[in-house]
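Would you mind keeping the following structure in view while I ask a few things?
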Amino acid sequence: MEEIVINYIERPTLNQPTLVEGLPGVGNVGKLAAEHLVDQIKATKFAEIYSKYFPPQVFVKDDGTIKLVNNELYYHRMEGHDLVILVGDYQGLTPDGQYALSDFVIGICKELGVKRIFTLGGYGLGKMIEKPRVLGAVTELKLVEEMKSIGVTFSKGEPGSGIVGASGLLLGLGKNAGIEAVCLMGETSGYFVDPKSAQAVLGILSKALGITVDLSALDEKAKQIEALTSRLRDTEMPPEPKREDLGYIG
Amino acid sequence: MEEIVINYIERPTLNQPTLVEGLPGVGNVGKLAAEHLVDQIKATKFAEIYSKYFPPQVFVKDDGTIKLVNNELYYHRMEGHDLVILVGDYQGLTPDGQYALSDFVIGICKELGVKRIFTLGGYGLGKMIEKPRVLGAVTELKLVEEMKSIGVTFSKGEPGSGIVGASGLLLGLGKNAGIEAVCLMGETSGYFVDPKSAQAVLGILSKALGITVDLSALDEKAKQIEALTSRLRDTEMPPEPKREDLGYIG
Amino acid sequence: MEEIVINYIERPTLNQPTLVEGLPGVGNVGKLAAEHLVDQIKATKFAEIYSKYFPPQVFVKDDGTIKLVNNELYYHRMEGHDLVILVGDYQGLTPDGQYALSDFVIGICKELGVKRIFTLGGYGLGKMIEKPRVLGAVTELKLVEEMKSIGVTFSKGEPGSGIVGASGLLLGLGKNAGIEAVCLMGETSGYFVDPKSAQAVLGILSKALGITVDLSALDEKAKQIEALTSRLRDTEMPPEPKREDLGYIG
Amino acid sequence: MEEIVINYIERPTLNQPTLVEGLPGVGNVGKLAAEHLVDQIKATKFAEIYSKYFPPQVFVKDDGTIKLVNNELYYHRMEGHDLVILVGDYQGLTPDGQYALSDFVIGICKELGVKRIFTLGGYGLGKMIEKPRVLGAVTELKLVEEMKSIGVTFSKGEPGSGIVGASGLLLGLGKNAGIEAVCLMGETSGYFVDPKSAQAVLGILSKALGITVDLSALDEKAKQIEALTSRLRDTEMPPEPKREDLGYIG
């Protein structure tokens, strides 16, 4: 078996598309945001990516059929730049798997003529947060002002430990490949899946893409998590780790 | 050395065979069931699979000679579909080894013209169980009814964590290769090797294959384990892990 | 860099040689025995094996110069079968590294026309032992009687966990390559380097090779270790692990 | 993606250059020393090395732009031998990554016509040290006297566990490639980044290279660390590990 296998359902020709990546990570912020986007805009799946760098695992669906864990690519035609969205069950399990998978995605970006990449993730603070900011990191200095103008925070020294995983590598490898890229990180405790942080990220992303996304479904999820966590807070609260211990995987 | 080496003892021509896989896993349910089947039907070994993904280990047999750890393929001619059975000492040690080995087996399936795969495994409940059910997972919706009709249980949300290892991958990769596949999982505590669960699985499998298998030898083993575990229960019982912690490897 | 690199100092033509392997393992029995043999018969180094499967490490010698960790091959001309001896600083760090290195050695055996392999190791008992037996494991049944006749013990169920590492793989892969092979395992506690066990192994090996080896230097080492361990025994003795926990790496 | 990718900014023709390596390790001594050297002599960056053996990580700079973790090569023209300096964010994460990266650097050395390599590192003592010595290890005996004459200490049995990582491998692989190499190890506690040890190493290196390096900036850093560690010493001091536990990575 090849290290990475892509099965195309369709091979769309797209107009200078923008790639949005949202894979599992801290607070599952990126995954929640990207999957919500796919649902809301009714994006079309056009490819499945399988890899020996994912866990050797199938999920069992409610109807009894299985799904081999994978990453999936969706597209959505829009005014101006079309949209490509990368979502999935897992990131690569090993460092070299992470590199191989992100490099593979950059290869697809080149084939599709992707002009800009947005990677979505969570920034773990290790404490509960009322109003999550969305932090940014970019491949080119000119993108800083553009992102600031739509509400992205650039804060010196944050995230101190850098960005680990696909959300970081797609910027690093994208830059080497000459593709503009922005990472949007929603602040999150890192203890729970965090739909509120995903909402914040998606709010910024909608502005960047010039689209309107209904966030009410995430609102519902956020309330459920809030109810759950406030019950937990009353009983057993995990101690706040020191700031320097916090990793970031997005 | 190649990643995976197959030594053929014989190259049988088989009639649209069915593959049955039973490798070590939770409660060793799959391995017990498949090896019992090989014994009972006196299947013929036709190939040995060696791999650097297995532990670097030889076993010492009672006569003082060694056996390099491997997986083995047996066949058995039958009315209608012939049978191929995959048993072995180990599964691949690493995720990419798991993928490589399962992909290799799917390659053999294609060569042999395999039409359907049954993978056998245990479903760890983390508690003792009197009458194990056999849960199912399939590659195609039409197989659900067929399996239900011979006593397989399909239960929404079970196994919640999916199926990890060869029993899962052969379904996932089999589906991608266009081969129908069914995973049969016998409920088991997961603490001990579980011949009773293997019996349950083999009971279902016999119906699916239309053969009769004498299960009394497993009965004997089950009684021995029962005697052992009931002694253990009186002294030190492992605490019941929470349901969500239970992995499944088959 | 290639996975494994061999630098030949000399390319000797040898007469149907016997390979003796002694690498680090339980009680360092195999390494002690094989290095003692090299010293006593003044064998000639003819090749160095480097590999990315060894630790990324150099040793600093007493004169301040370094030595990249490696395995080394020596030869010694004899009546009848010449001798090739494999010694080294490490075994492969990973399972696939173990396979790759042992397969590489089997390749060298084929080139050199090796007719028989002896692998030397320790068999960890988890308790102090007065008079270590030497257990055997072989690739062909006919070797059992031959080895018994020179004092090797074959004991049903020992070692229960098989033989892990080069001492096992060279038998397993040797068998597949049609080369006779014998593993000689000296009983040892497994807690300390064990020259007494190495002596026992070397006693048997000398008989098998038809040579005389002065074991007095090992005697000296054994006394030093004995003095050390008896002091330790008086203060803090590690608890005896259960038999089934004992692995074997040779 | 290739295992290792090098992006050349410039391809300088250099006069029989000397390579200086300083990557992260014990007390970050080598990294501190080499980066200070780059700063002081205003060396010119000519290449960036990316690798899947590094962590899948980008750093976020103060201006909001990212940097994919890498190693970097600088050059500096001098009387006699030009200088090439290797610095970086990380060493390879795995043993085989370490080998691959060091082998890659040796390949570059051959291309550039490097005549001598200096690797810089820390030698962890596990206790605070007032006046760090600089220990040496070399590829050829004739280098011992030369290094002693400029103040390098060669101490039998130190470092007992050898030299692990790039600082060791570049000597081992350099020797095999016929390139003279010296490892300079500054004594350090191993508990903190140690600019004082880096100063000691750089003092020796300057003599070896025949250059003058202003060490006052390191002096400043050393004072800061000293202030920090003396505060720590008053509160919680890590226990002194036994000598034989100390690894060395440089």
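By written order: A, B, C and D. Residues from 1 in each chain.
The rule is short, and it goes like this: a residue touches a chain if its C-beta (ideal position, glycine included) is under 8 Å from a C-beta of that chain, and two chains touch if they have at least 3 such contacts.
Quantities reported herein were computed from a predicted structural model and do not represent experimental measurements.
These two copies of the sequence, chain A and chain D, are related by a rotation of 90 degrees on CA atoms, to the nearest 5.
Copies chain A and chain B of the same chain sequence form an interface built mainly from non-equivalent positions, shared numbers / all numbers used being under half. Among the other chains, the CA centroid farthest from that of chain C is the one of A. Mean C-alpha positions place chain B and chain C at a centre distance of 37 Å.
A straight line joining the Cα centres of chain A and chain C is 52 Å long. The touch graph of the protein chains shown is a ring with every node of degree two. Of all possible chain pairs, the ones that touch are A-B, A-D, B-C, C-D. Chain D contributes residues 92, 95-96, 98-100, 102-103, 136-141, 144, 154, 156-159, 162-166, 168-169, 171-173, 175-176, 183 to its touches with chain C in the complex. Chain D meets chain A in the complex at residues 1, 7, 50, 52-60, 62-69, 93.
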